[in-house]
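The same chain A turns up in both complexes below, where it pairs with chain B and then with chain C.
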Partner chain A sequence: MTQLKKLGWYLLLIAFGYVFLFPLLFMLVSSLKPEQEIFADLYSIRAILPVGELSLENYRQVFAKSDILLYFRNSVLITSGTVVLGLFVNSLLAFTLSRMEWSGRKYVLSAVIALMIIPLEAIVVPLLLLVSKLPTIGWEQGMMVLKGSWLNTLEVQILPFVANSFFIFLFYQFFRDIPKDFDEAAELDGATPFQIYRHIIVPMSGPVFATVAILHFLLMWNQYIWPIMAVQGEDARPVMPGIQIFFGRQVGWGEIMAYASFVTLPVLAVFLAFQKMFVRSLAGAGIKG
Partner chain B sequence: MADLKLTKVFKRYGDLETIHGIDLDINDGEFVVFVGPSGCGKSTLLRMIAGLEQISEGDIHIDDECMTEVAASRRGVAMVFQSYALYPHMSVRENMAFGLKMAKTPKAEIKRRVDEAAQILQLEALLDRKPKALSGGQRQRVAIGRTIVRNPKVFLFDEPLSNLDAELRVQMRVEIAKLHAQLKNTMVYVTHDQTEAMTMADKIVVLRAGNIEQVGSPLQLYLNPVNEFVAGFIGSPRMNFFECDVTGQSANALQLRLPCGREVELEADIGSAPPMTRVKLGIRPEHLQEEASGEVPIGVDVDVVEHLGGTTYVYARYAEKELILQAGGLSKIQPGQRCDLSFNLDQCHLFDCNGLSLRSAKPVPEKAPLQLKQVQVG
Partner chain C sequence: MNADTSALKGAALPTPSSGAAEPYRPPRRRYVFLLSTPALLGLFMFLILPFLMAVVMSFTDQRLLSPNETEWVGLRNYDRLLSVNWLVQEPVADNGVVQRDADGEPTYPRLRTLLRQDPAYEGYKELTSWQLGDKRLVVLAKDPLFIKSFLNTLQFVLLVVPLQCGMALGLALLINRQLKGIYLFRTIFFSPVVTSIVVVSIVWSFLYHRDLGLFNHYLQAMSFGLIGPIDWLGDPEWAMPSIVLMSAWQAAGVQMLIFLAGLQGISADLYEAAELDGAGTWSKFWHVTLPGLKNTTVFVIISTTIQAFGLFTQVDVMTRGGPQGSTSTVMYHAVTKGFREQDIAYGSAISVIFFLVILAIALLQKRFFDKRGG
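Here is the complex of A and B:
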């Protein structure tokens, strides 16, 4: 390839990269600037450069004017609970589908694949009806009691989203490529199916676990429709519905950018932590690393 | 250590029957090799012994205990897989200790057994390595070590050397043979390589299409194959076969016309068998002679000559059929040549139209030891 052609390709890639990176950089930089400076720099390169009067004032205002720390805590609990339970539940079902013979296995697999095409929006109303009727477990005077409904709780934002057919399928595809010899060797070594799953399959499946963790994290962290419908009170509200509430108040663009940056940073951190395994999983097309 | 008994063992996949009622006795301490072409059912049979495949019908007894319905982990067997099946995320030590850990063996006992097996297989320096840092031969030894630590009643090997290069295969064959001599356990070994079978086995079980063709020691199968399949499968290069017309038949002899027209008479236990019109004559490549000095001379056209140093393989045509001669390393036969070979009648095998043996070759008498003459020098 000639040097000129190479230069052309590089410029094109830089342009594409700029298009994708511009919103993120603009958001981060604007969160550190006062409102006047945001508009003054809007049509220049300064819009994405951390120059001028930078401070954390916008962040201070966000903490003062909203319960963002409470929403953040709720999001962390909801997301981590769903991801941890989901990794276990989804991988376990995928393990039985891919590595064990039992009656009805083919039908369950077909059902899992069929469920992938049904969006949340299609089932959100019946789901809401269901959870509104289900009682929640509480404690009174040292005794377990059933009370209220699932609405306005953290559980209602966790439990319906633990099992996910797409993630089951991802695990299934990955496990299918692991040679059965390992299972047979472990079986001869006296391992039960759960021990084979725990000691053999899970340690060999780092890439797919990382992939599902990242995808599930993103799914749950960015959830908006379900929390809006199932949670009315502040105590169980996560960050995304919190943005809507925050926008409804008298706030400046700098504060809006600060709020958005604050809720985006954990996503970036998780991706950076798992990116190696995530990329390896995608590159290997589900084959064990 | 244990004996192994298979009684009328069948394997069916729906309507397809792949193993057809096999009966087999394996004595305590024997090294038995299941050999046969791909798809003959040898691995399936091994896996049924291991408990990794369900037996459709019949029984398997290990040490007089019925194991037909017993789970694989409780049969007292250990298996070396063709792919080694070493857990890639565990070190050599952890791989070898895994089975003992599953059995809740105390840590001190695990360490003792792993160290002992590592010493037998010279793996001490490799215990902390992961499988990906091992060579093929080392991985195979770890796979064997994983079976030794469990002190099984029966060792099972499923084509363990097929992934190794030729030189390493020879080396590992010797290692496994030494291991058997040392441990004296019952071992069942599956291979499609008849050389492995001949060199390692106390007893060979030749399988074809889910049936046992013959069971016997390597020499028994070599000298007295019961049918054309066993005769052709055992021995390398494979036996030469020629269709011959039967010109005369009596209770203990057959008069044959060879493809080149020559007439010969061969002793055979015909008894009161119905008259035959055609039989197959078998002669091993190593029993053909380079000169025409044998009882039956034949003229052949040489196609290809392979020099291996100590041996020469000559691929020729005799009466439009391929013929292989195993000659000495200094053979002067050239491709494209027409040359005269010969063989002795007592080296011939005969098979009827169903492939069943009518007679086998007589064993070649052992040559007298060389007499060395002392020579005065100087």
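Here is the complex of A and C:
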């Protein structure tokens, strides 16, 4: 490429980069500015530069006006709980589908693949009725009690999302391509299927575990439609419905941006830390899915 | 699968336990059961069962909380959802002279009275109407908002799919170059994808703001004050296109990566051969790049379409289905009816229709790839 062509290419990249980065930078920067300055800086490059009178005042206001820390804790519990359980449960089923022979295996595999096309949106309404009738164990004033419904709990946001046919399929594809010699040697040494899973398959499957963990993390942290239906009370509310309610309260834009930044930072941090893996996961998942 | 080879190996390898008593091993069937049950139970309880419930309940009058017993109602929910009808209204005439209002438009008898008189029109409400000369053609539906929501969803899909896929292909072509710092730009183009659509919707609501927003500022600056200000989210004409633009911007990064993988899968030999034949940049794009991306493109278009049909969050955060129902979607209507109005049966019927549309699109994709042996 000639130098001139190169320069033109970079100019294009920067122009598009600006379009894609602007809203996020604007959000992060505005969260640090007082209200007047957000508006004063809006129409110049200052809108995305951390200049002027910067403070954490907006964040202080958000902490004072809403239960953001409670919602944040809920989201952390829901996300980590689902991801950890999901890695275990989904990879185990994929293991039996890819590494063991049993009658009905092919039917179960076809069913798992067919289930991938049912979107969450298509089942939320009946799922709501279902969980409203499921009993659960809860705590009230230090006593264990049987509650009549799953609504307004953390488990109603965790358990339905643990098993996931798409993730099972990703595990299945990866496990299937591991040479069978390893299992056979281990089996001759008297290893049980679970030991083969634990000591042979899992250590060799780092990339697929990372992929599924990342995709599941994104899916769970950003949950919205299900919690707005299944969780009415504040105790179990996660961050995304929380910010929507905060947004509806006609508070200052600086405070809204502070709230938005606060709930976005964990994802951005994970994204920047595991960038290569992230990009590979989503691209790979897209192609194979 | 490898039963033959394993038998061979078993025979060839001296096993350490040969001769000694075999240690007790639970039968493999028990392991299969133990290891597969948690996930299968989860899929059954929270995916298959609710799906079957949706199908069954769509034929009942089930409500979320109701003292009355649930009853079978046959196809009533579907009838309410899908019934469309029409009628032609004659203007009010006095001795053959059409009565006109102050603007010279003919006046018509009250539609509601007309619908009530004729049992064939029972349950129908006005969806839309057109003027035909002095007559008026009125399109009716039993649930006008559902029909409207369905058309809105179609509009969203037809706008967002080409925009998002085109944007993604453009970005993929842009970053498919060996340049210093290209990974930084890939990260930047991808960053909206990891941001929650709820957060994106809120930030863009500010950019779309009628008086303060950035869009109107630039629009007015560039048109020297001739155009705008446009009430992006408050104008029924503009609300859906505004959501389209934002949605395409947010999600294009995923398709960009898929296109990028597709581009990198095209053999360099093809480009060299084209160059030897004297092909220019455009000619290479048309005759090598695009044909090489055919499978990728079909996959990207179908998966983006399926996703777009589920449009809900942006609408819920930015417009709540308004103004005047112009951004209500199939899913938004399902949640409004099934959850906010607690009519689970009706919401289920909408879910079933939604699923059938998704299924049809997925089968289309399968047919395409089966034909190509892919």
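One rule holds in what follows: the second predicted complex is superposed on the first by the 261 of 289 C-alpha atoms of A that agree within 3 Å, B and C clash if a C-alpha of one lies under 4 Å from a C-alpha of the other, contacts with A are read in each partner's own complex, and residues count from 1 in each chain.
The rule we apply is simple: a residue touches a chain if its C-beta (ideal position, glycine included) is under 8 Å from a C-beta of that chain, and two chains touch if they have at least 3 such contacts.
Predicted, not measured: the structure shown is a model, and the values here were computed from it.
Measured by the number of chain A residues touched, the leading partner among chain B and chain C is C. Of the two partner chains, neither chain B nor chain C is touched by A:I68. Legend: residue contacts after superposition of the two complexes on their common chain; A:W253 is shown touching chain C, with no touch to chain B. In the superposed model, A:I48 makes contact with neither chain B nor chain C. In the superposed model, A:V124 makes contact with chain C only, not with chain B.
Of the two partner chains, neither chain B nor chain C is touched by A:I78. In the superposition on chain A, contact of A:V208 is made with neither chain B nor chain C.
Touch criterion met: A:L188 reaches chain B and chain C at once.
Common to the chain B and chain C contact sets on chain A are residues 181, 184, 188-190. Interface residues of chain A, counted against chain B in their complex, comprise 179, 181-182, 184-191, 195, 199-200, 203-204.
Partner chain C is touched in their complex by these residues of chain A: 1, 6, 9-10, 12-13, 16-17, 19-21, 23-24, 26-27, 39, 42-43, 47, 88-90, 92-93, 95-97, 100-102, 108, 112, 115, 117-119, 121-130, 132, 159-163, 165, 168, 180-181, 184, 188-190, 192-194, 197, 218, 221-222, 224-225, 228-229, 240, 243-244, 247, 253, 256-257, 260, 263-264, 267-268, 271-272, 275, 278-279, 282-283, 286-287, 289.
Residues of chain C that touch chain A in their complex: 1-3, 5-6, 9-10, 13, 15-17, 23, 25-26, 28-29, 31-32, 34-36, 38-43, 45-51, 53-54, 57, 62, 64, 171, 174-175, 177, 179, 182, 185-200, 202-207, 212, 214, 217, 249, 254-255, 257-258, 260-261, 296, 299, 303, 306, 310, 312-313, 316-317, 331, 334-335, 338-339, 344, 347-348, 350-352, 354-355, 358-359, 362. Note for the complex: chain B touches chain A at residues 50-52, 72-73, 77-79, 81-83, 85, 87-89, 98-99, 102-103, 146, 150.
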